[in-house]
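One chain, chain A, appears in both complexes that follow, with chain B as partner in the first and chain C in the second.
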Partner chain A sequence: MIELRNVTKEYGKRKALHDINLRFETGKIYGILGPNGSGKSTMMKMAAGLVFPSKGEIMINGRLVDRHIARDVAYLSSEGMLYPSLTVEQMIQFFASQYEDFSMNKAEELLEFMSLERHQKTAKLSKGQQGRLKLLLVLSREAPVLLLDEPFLGLDPMVRDTIVKGLVSFIDFGKQTVIITTHEITEIEPVLEEAIILDEGRVHARCHVEALREEEGLSVLQWLKSNY
Partner chain B sequence: MFPGLLRKDFLLIKNYAWLWLILVLAVYGCGLAVAAYYGEFFLVFPFLFFIYFFHVALLPITEMILLKAEEKGQYWLHSTAGGVKLLLSKILVSLFLFIISLILADVLALISLNIALPQGFINTPEGEIPYKEGFLLNIGLTAGALYFTIWGLFLWAVYHSLNAYPFIKKIRWGVVIAVYLFFQWITAKLLQIPFIQKWFASWTVNISESGTRAWGIGGMHFSIENGDIQIWPIILSILFHIALFLAAAWLLNRKVEV
Partner chain C sequence: MTEEFQTSKPIYRQIADRIIQQFVRGEISPGEKLPSVREMAIQSGVNPNTIQRTYGELERMGVVETKRGQGTFMTEQIEMKRQLRTEIQREMIEMFIQNMRGIGVEDREITEAVEQALMGKGRAEND
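Now for the complex of A and B:
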């Protein structure tokens, strides 16, 4: 379980997050939605131990988040995750050497699923291939928490579709807690259980996706639009 | 985990390493060409000295290339390794390239001396290859390079720690320079205290016969008086730079944000 308690993040006078209280239950898939600058990435970086709260605290499975939380959290970053001079295989080996929960079997399966060439340098990969490689590296970990920050950023619909299929095929449903930030709601909607809208660093709205569909007959996109 | 970090850092620097080693050979080749053109073999030695003394910059430059590779997104901090291991890996890989390069320079120097000495192009005491001086040169270059590397690491960590404070973001370089100058000033003041001078002079080891010589970079200062070298400043300097490295690791763990 992930819990944010009264979390505020200030950059000088600007507040990226403002007194956030959220709880993410184990084994569920959450979508964090919101415009640019709403605090989505800041929240993800905080949960990954890369940014520290100015106030409040974040707990993951009962542990206060710090740099060592990487043991329990697999984080897909929107930038800087890949080393351009390394090949796909070297990136996989590097991740395998760093995280005890990294499964080489899963990585091999994902390599085939994502149609990636193991000897290709990451600098030579297209943006779509880089996105798929990042997902491969994160999904190969059997960590209790997966944080995917903008996994669809700059990717075409075909690649986005592959990534969603990858999520469905390789996530351990019920065991892994997954949080995804994205603007591409349509693709991700079928896998989401809950959606949260962040706006100007505050929680603007929250919904259960299935209940939203059944009780109000709304898609997440329609719900999002109705909240603005 | 640590071998994985070393392997990754080595892969990041591998191409630069080959480029540098080829450049060393190219500079030496230029020296040979100049020497051949003028028919004076001793002209190769200024090129060799240039190669040697650039090593003081080689180690910190290598380290900075490795740190630069991590700056975009700072994803390396999302790691099961702490700051000490992350930074130690960078230093060890940089040191590996430094040592390989220094050995190459030593081999080139030995080849040159073996050609120059019998033909009388240069003079050394008793016409022998100056192994002891060469060894001391290697030690001195390594110490100087490590000095700049550890400081570079610490100041890099200070610079990125200040990222969290937008109001000083534009003057971060100024703060970094001020931190360095402050340490140098403190060190210089401490060295002027008679008690410290007396303490430093209390433990010396004789390594040569006579004369007074002094070496120093910034606040780090060593001297040999009448062939005696002071041991306390060396020990304190080593301890200080270990502390500086640990401070950089602490900043990386606790203060550097993405």
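Now for the complex of A and C:
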């Protein structure tokens, strides 16, 4: 379980997050939506132990988040993450050397699933291949928490589709807690259980994806639009 | 591509409807084993919990049967297939009537138009 208690983050005078209280239950998949600058990435970095709250606290499975949380949290960042001079295989080996929960079996399966060439330099990969490699690295970990920050950014619809299928195939449902931030809600919606809208650093709204259809006849995208 | 879902209905229900339609059309045979929850989730690009609900719903309806340790199977009861077809038929007719009335066609005209269409008249205009 991930819990944010009265979390505020200030960068100088600007408040990136404003007194956030959220709870993410074990084994569920959450989507975080919201415009650029709404605080999505800040929240993810905080849960990953890379950025610290100005006020409040974040707990993961009863532990206060600090930089050692990387042991329990697999984090896909929207920027960086890949070393250009390494090959796909070396990138996998590097991750395997850093994380005890890294499964080489899963990595091999994912390599095939994502149609990646192991001897290719990451610098030579297309954007779509880079996106797939990043996901491979994160999904190969058997960590209790997966944080995916904009996994679809800049990817074409076919690649997004592969990624959605990859998520369904390789997430350990019921065990891994997954949080995904995205602008591409339509593709990911059938995989999510709950969606949360952030706006200007605050929780603007929250819903159960299936209940939304059942009770209001709305998709998350329509709901998102009706909330602005 | 993963399929698109309508917004007006829960996804678990739409997948259940699809399975029922495939059964009625004969694309799934009576007694046939359905994909596992996980396989079906991957095929449809949805959360496995959704498929769990789909199968649960179909089981409650008596359309599928879950055998312990073996998986989920389509019912072998032909009567069920007939019943489902009647239901789908009724839904389609209701929808059709609503649409016709919606564009201002009188009930009498609807019957005539359907009869004519069935007799093959008016086909030339449409083809």
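Here is the rule we use: the second predicted complex is superposed on the first by the 228 of 228 C-alpha atoms of A that agree within 3 Å, B and C clash if a C-alpha of one lies under 4 Å from a C-alpha of the other, contacts with A are read in each partner's own complex, and residues count from 1 in each chain.
In the analysis below, a contact is a pair of C-beta atoms (placed from the backbone, for glycine too) under 8 Å apart; a residue touches a chain by one contact, two chains touch by 3 or more.
What you see is a predicted model, and the numbers here were worked out from it, not measured in a lab.
Applying the stated clash criterion after superposition on chain A shows that chain B and chain C can sit side by side. In the superposition on chain A, no contact is made by A:205 with either chain B or chain C. After overlaying the two complexes on the shared chain, residue contacts for A:1 are found with neither chain B nor chain C. Touch criterion met: A:213 reaches chain C, while chain B stays clear of it. In the superposition on chain A, contact of A:59 is made with neither chain B nor chain C.
Taking the Cα centre of chain A as vertex, the centres of chain B and chain C in the superposed model span 160°, given to the nearest 10. Between chain B and chain C, the partner in contact with more residues of chain A is B. By the touch criterion defined above, A:153 lies against neither chain B nor chain C after alignment on the C-alpha atoms of chain A.
Once chain A of one complex is fitted onto chain A of the other, the partner contacts of A:51 are limited to chain B, with no touch recorded for chain C. After the two structures are overlaid on chain A, the closest C-alpha atoms of chain B and chain C sit 28 Å apart. The residues of chain B lying in touch with chain A in their complex are 1, 3-5, 7-8, 11-12, 14-15, 69-75, 77-83, 164-167, 253-254, 257-258. Of all residues in chain A, those touching chain B in their complex are 11-12, 14, 45, 48-52, 67-68, 70-71, 73, 75, 77-81, 83, 85-86, 90, 93-94, 96-100.
Only residues 29, 157-158, 161, 164-165, 168-169, 173, 187, 190-193, 209-210, 213-214, 217-219, 222 of chain A touch chain C when the two sit together in their complex. The part of chain C that touches chain A in the complex is made up of residues 1-2, 5, 7-12, 38, 41-42, 44-50, 53.
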